[in-house]
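In what follows, structures are represented as structure tokens.
Next come two complexes built around chain A: one with chain B, the other with chain C.
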Partner chain A sequence: MATNVDNSPAVTSGSWVQPAARPPYLRRRLDAAPFRIGVIGTLAIAVLGPVGLIVYQSFLDGPFFSPRSQLSLDAYRYILSDPSFYEALGTTVLFAFGMVAVAVPLGSILAFLLTRTDIKAKKLLEILVLMPMFISSIVLAFGYTVAIGPSGFVSIFFRETIGFVPWNLYSLGGLIAIAGLSHVPHVYLYVSSAMRNLPSDLEEAARSTGAGIWRVSRDVTLPMVLPALVFAASLNILLGFETFGIPLVLGDPNGIMVLTTYIYKLTTLFGVPTYQLMAVVAMVLVLITLPLVYFQRRILRHSRRYAALGGKGGRTTSLKLGRGGQVLALSLIGLWLFVAVVLPIGGITLRAFVDAWGQGVNLMDHLTLANFDNLMSVPSLFRGILNTVLLSVVGGAIAVLIYLLVGLAGHRNTGLSNTVLDYIVLLPRALPGLVIGLAFFWVFLFVPLLTPLRPTLVSLFVAYVVVGLSYGLRLLQGTLIQVGPELEEAARTTGATLGRTWRDIVIPIVRPGLVGAWALIMIIFLREYATGVYLMSSGTEVIGSLMVSLLQTGAMDTIAALAFISILLTAGGLTLALRLGAKVHD
Partner chain B sequence: MRMTIMRALAAGLLTAAASFGSAWAGGIPAGYPSSYADLVKAAKAEGAVSIYTSTDSAQAKALLEAFSAKYPGIKIEYNDLGTNGTYNRVISEAAAGQVGADVVWSSAMDLQMALATDNYIDLYVSPEAKALPAWASYKDMLYAATVEPIGMIYNTKALPEASVPKTRADLIKFLNDNRDTLRGKVATFDPEKSGSGFLHHTNDARATSTFWDLAKAFGAAGGRTYSSSGSMKETVVSGENVLAFNIIGSYALDWVKQSPNLGVAFGTDYTPAFSRVLAITKGAPHPNAAKLFIDFALSRDGQNALASNGLPSVRTDTDKGFNLATLNERVGGNLKPIALDEDLLEYMKPQVRVEFFKKWKASLAGS
Partner chain C sequence: MTELVVNNVQKWLGGLQILKGASFTASRGAIVALLGASGSGKTTLLRCIAGLEQPEFGYIRIGDKVALDSDKKIALAPEQRNIGLVFQSYALWPHRTVKENVGYGLKLRGVNAADAGVKVQTILDRMGLGHLADRYPSQLSGGQQQRVAICRALVYEPRVLLLDEPLSNLDAKLREEARYWIRKLILDLEICAILVTHDQTEALAAADHILLLKDGRIVQEGPPHDIYSNPNSFYAADFLGANNVARGNLTTLDGTRATIGGEGWSLDGTARELQGLAPAASAQAVIRVEQISVSDSPGPHRIEMQLDDSLYLGDRWEYRLRRGSFNVKAHGTRKLSPGAVWCEFPPESVWVFPASSQA
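Moving on to the complex of A and B:
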């Protein structure tokens, strides 16, 4: 939830893009088997260990480590008869589908405008539209409170000019709108890569028979990218089920609760920990999301047939928007960017530099740098910033190497181990980061050889690698798949082993892609907040989780300053990513 | 940032000077057993003390710096885990035989009492215990380190000081009389989401006869609940809420210094107060350093450091910030600290808890 910009299973690997380009299967040789089995086996342990622990915990009547705990279905009975659970479940379903209703149409329109038309400033927009994806949703939520909450500066402006505020940020509708707008890039990414590769001859044919641009997009372009749309929609439903930051902050005042915040509430409800109840809710989430993921895989298989319609070699020419069209399109995108990026970032930036705000407060009187004082003088906060940078930069690089190993193990692998790999990758995706973090806390606490690692950043790193697995692997598989199979075959026919082929052919070719992947993983690790909540300890603080834990006492001054730093770091990471030529577009 | 460093240096020097000046007979504070020098030596040999706590590090800064200045060789590992995080981690680590905490310092008085009665806490008779009131310690296991009034904050632009309710009965009447103008603009803790809020509300339910009337008046005014004092402050400062009650008043006393449109009030008839409770874990990796830390935190110097950071002292002989006596004056003379006794466990029983939540929700829903 928190981490993954993108929840698609690893198998998707951008294959919208290369229709019908399935390589002839390489002879399956045994020389790669030990490597594959070794890597996939290790990964299986790293993922199935904590997940298994959660499954086991859900069938107990107390903490799994308590000698008094027994096998029991009581936890299921409690949850399934708790009205709050059903309320949270209902809200979550509404939330997820509402998010789709906002994000999918907008994302598709954006994708159409940026790939099929001659819209101005295309290069710049392609980067800007992805911005919301890189900001941690907890930062977004704080930012919106200051901007458009009941006493936000935009709300006050509206109240003073038109007499009332035409929205309510803390309503379910408000939550859905915010979440939907911030998930537009996820839709855009998928739909745009599908659209980019459509040959334009069909559209041109329609244009030449006199169809208008909207008619063309509706009757020609839309049906051809339908699988991508369905896929993006199911991805967003998945993300909707796992959103934590936005409902945690914005749902609080009116008591709007979704499943993830319901889990969080279970930690306080009984005073003592009720891990079994949390585990049951996590199981419910898995049972809902796994079929979704399976469904995604199926659409993907069909999509190859769809995409093949176009054939290859079709030249893409842009549809002309005309002057009015340009203005309309650009203002639409501008408005969306204003709401999804400028408002929250503006809000949090403002909050970081004032000590009071709201109705009747002159912000100029309250400008201060004092919020940042603590960051430098309180050791844990300062360490949190250092650790976050370390974990993203160094940890991100190591993570890319790990994902590369896993990617190679799955590369041109058609055996059973690849199917196993696919599902292992999906599992952590189906669980909230909060719960995964808790499971890893237990693993590092109770597995004898691992205990010395718990108070070090290694424990967080391992959890981050698992939480970021599906996104990271997708990035790397997308890169690996671009290596022409004939190059590998050439090496193999001249007698090179598979290992040698990878070392001398594949890895050198994908090296630029690796650098780009590193930069993106870095941003993902930067914005993560849920995984560390239970895992971090003195010396291993990270910014995101510090914000969640500070929220318990509500030290908003410090939270705002941390959020501001987090945005600065993300901006730095993104600049670096673009410099290094990361292909943000799949 | 240079200012910050200068300030930190100055503060460090001041505290160092203060501790140098305090009565030390042969390196042992007055009133301490003569064997105390051995304890200090053993603690220095351990070289570290690990604290699990619910207190933000920014608020504990003065105490930690003063401790480090007095015992330079002992490194403080400070883990701000929240109340539930603290409790969960202590019991998980005990089960794994991997105890990491030396000192547990939490504002969840009920959870601390549960740790003590469930055998997670070591016995230690602090030489400072004599200076504490009787309600502030429990069976040589738990020691209250602060006394923090539970009060109300309000937006001074929306609510002039003269109309601020002064007593519990006033507050109920005020909510009922202004039901429509206050609609959706009154806040308090959500007891389901916040351990502190749960303690404040249940303590009221135990100690007063009018708590449920208050809950109903709050519900009838369409009040909203939050999971932290800080987020309530944010909404009251910005005018989103007019007032918030049963919040942590010690924070509020600090906040009003910065925010001109924020006011703080305490019930003159009855002001409950909670404490942040110190304890040493059984099997602590640095037991001697833990003892040293607890003694220091309860000592006059330690209490002064806490009070200077806005956490009022539980003693009466300190001169920085508020102490038990001056605080009582500040809140109108009826400060009623929550006692460290086994009554705290009443609401730990799942049945009693569920009943409380039911009644709370029903009151808010207006039945």
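Moving on to the complex of A and C:
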């Protein structure tokens, strides 16, 4: 029988001591602190090291490894007085906002049609509209060149039939249109998930008070999805600042430069590498993108609050489109799909199998497999394909394990190290792949113990892990958070340490999610091209970066063959991801 | 034999103190219930004992192991405390079969597979779950899941079994049965068990000792019968049972004999909390519904009241009675027609408290 004890320390029960202030208290214990701090610390070094190197390099007057280099602001002075820098900056701003103007309205319309109406073939369309997101933008850009560039298949067709080509792909307008159309999925993804979470009883409530459908859309639906719209817009501005492939392929022929291509051009401007100038432009880019990333994070928190308010399981009734509506909606989506997917992919496919084309040329006479011969006979090209597959399949799997370790280190971590993790993850999002690749190139070039790793795939892999960090970690954290806390607590009270709990309970439960994450990371690594631009050397070629360097030589046959292989690999990866039940929509 | 000592456990959440010095002990073969409304701190206290929450101050001993001692800076992790915890949601691991769920604690304790298999099968058989050993939790009913959860927490013979609202996810009929067999099991196995519940019936029926919590404090403790029939505060009196509350003024006070009255009515009663009780000051009385009897003639401690309606409750009738501002519910065995009746309030059942009674 329970009784009160009088011989135990402190006070006897029955009298409650109300201390004037909080007593000297026990420090909260952080489970597995060495593991968590070790992992997050390592990650911090992997991210902050290269970034720190860029910052340091930007304040020198020569390469950081040269003993003669001194602290100076010369590089800033040079860049900030270079008219082509301002031209590139202005073009970048126009480009980014232009992209938003194209992508946000289109993506929102797509999201609305696919989530709130009874449009036909919804299941298929939901996957098709995401396609451009999975294809490397260097491949897409090349596809547009061969389809609707000045001597593209479609352009030639127009010239033959109406005598002129009614568009100019190699203009800022062309650039914006193409980039905007291919970034529609990024908008669609966020807006559609906001619309899906919107319970239709809110709309029904408005309609039952007498508001018409358009009025409801304006007064109820729009304000509810506004955070998602703002988020998508800011994401597109961010991507606009970071895009490299499209401006490189489509802007360069007419000398249109954005900040990323400006950095790339600096490499060869003086004959010798001008590291300090590249570092300064990278700094300018980061100073623009970092606030954007921070801003996005705040909206995302806001919009989560909105979603929680709306409540889960909100029943959604679809708007009936009717016959005319169906035709109109489907042709709109069809037209967009034609421009954003069919044109570039069709162009590449055709280009990869012909050796000549032009006015009056019958393509059927020029069908050939010769373009692929090079891929087998030139060792660097063959290695590039092999490396790409290796990096995405094996590297992707290892990357998922690394993200899992980082995810666990942050899992139910209430300590300071979690705040550190939160902020570390922001950095890679603000950095274009080109800049991350450049920073890691420097690290592997001049950090003594790491130099032997530079000509190996390890250097590329580490850079890829950092590039994919925020996306991969979000995937993993989303999976981990689905394990109910009491499942873990039950293991602890049964006698399992935290490590055992992770091994026996958490990881087995999230295993299906890990497989899905692997497939998605694989696609991300497949399409990556900018990171390898500087890191690539003999032995570490990858398809995307090979295409970038081949562009300089104009070896279009080979590029077409590589682009075709890249599309095949992506299609394979996507099929696998869908098979494995990856949540492409998250 | 005392298995659990909890002394002056205090916990803050930011600037808010959610446990204000809880102390109690518990021994083998007995069930202690932590009873309280939501937000009273009962689940927090249980989680502090389990080590899932860490109090800033206090002392906890489980078996012969000190699990928490803020003076000596000791705070054991949950897995070092040798406890069993049954969760409200059962928290069965979905990727493990019943057998694997139950056997996990034995595996962690290094019991060899053959012995563990026997032990798991024995306890499952005992609970009537033997034939379900190879099923997954999702293939079981709620009641079966709950029994598996209890098996899992018991099989490695922990020093203390902690139950967090174990019955709240069962339907009413199942709950009454579970209440009975859980109590029987704990007494048979002579385990020390702590039961958290917000359901007074559950606490009264299943526990040997009840701790009533309010705002992070234990406001009263004792055996169920004592808690029910000897409340020492208005809160305790009102929290348990089905009650009538009369608010008025104290007219006379003589020792513990007190009279409370209002507009047109007056009741003789017993003062249960003397502090703050003074003649002419406002006061309130708690009268359990079952203590009031209704008859058609006057007598000692009876007052005339107006019967408004009789409601049929199946096994009894409920009377709605009124006199001035004084409204009363009472029970009886037959339907009465509206009109004047006489209600008897035994003075020992009219518990008078000061109106400002807090604790």
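The rule we apply is simple: the second predicted complex is superposed on the first by the 520 of 586 C-alpha atoms of A that agree within 3 Å, B and C clash if a C-alpha of one lies under 4 Å from a C-alpha of the other, contacts with A are read in each partner's own complex, and residues count from 1 in each chain.
As a convention for this text, a residue touches a chain if its C-beta (ideal position, glycine included) is under 8 Å from a C-beta of that chain, and two chains touch if they have at least 3 such contacts.
Because the structure is predicted, anything quoted here is derived from the model rather than measured.
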Looking at A:442 after the superposition, I want to know if it touches chain B, chain C, both of them or none. Which is it: first, second, both, neither? first
Let me test your reading of the model: by the given contact rule, A:489 touches which partner, first (chain B), second (chain C), both or neither? second
Under the stated touch criterion, which partner chain does A:497 make contact with: chain B (first), chain C (second), both, or neither? second
Output check: A:508 vs chain B and chain C. Expected answer is one of first, second, both, neither. What do you get? second
Would you check which partner chain A:469 touches, where first means chain B only, second means chain C only, and both and neither mean what they say? neither
Would you sort A:220 into first (chain B), second (chain C), both or neither based on which partner it touches? neither
For A:554, select first, second, both or neither according to whether it touches chain B, chain C, the two together, or no partner. first
For A:358, select first, second, both or neither according to whether it touches chain B, chain C, the two together, or no partner. first
Superposed model, chain A: greater residue contact from chain B or chain C: B
In the superposed arrangement, what residues of chain A touch both chain B and chain C? none
Residues on chain C engaged by chain A in the complex (per definition of touch): 2, 5, 7-8, 10, 12, 20-21, 23-27, 30, 32, 50-52, 54-59, 61, 68-71, 73, 75, 77-79, 81-85, 87, 89, 91-95, 104-105, 108-109, 152-153, 156, 162, 208-209, 217-218, 221, 223
Which of the residues in chain A come into contact with chain C in the complex? 1-5, 8-14, 16-19, 22-29, 31, 484, 486-487, 489-498, 500, 504-505, 508-509
Complex interface listing, chain A residues touching chain B: 63, 65-66, 145, 149-152, 252-255, 265, 267-273, 355-361, 372-374, 376-381, 441-442, 445-446, 451, 454-455, 533-534, 537-539, 549-556, 558
Interface with chain A, chain B side, in the complex: residues 1, 3-5, 7-8, 50, 54, 56-58, 61, 77-85, 87-88, 91-93, 95-96, 98, 100, 108, 110-111, 114, 157-158, 187, 190, 192-195, 198, 224-235, 237-240, 258-262, 347-348, 350, 353, 357
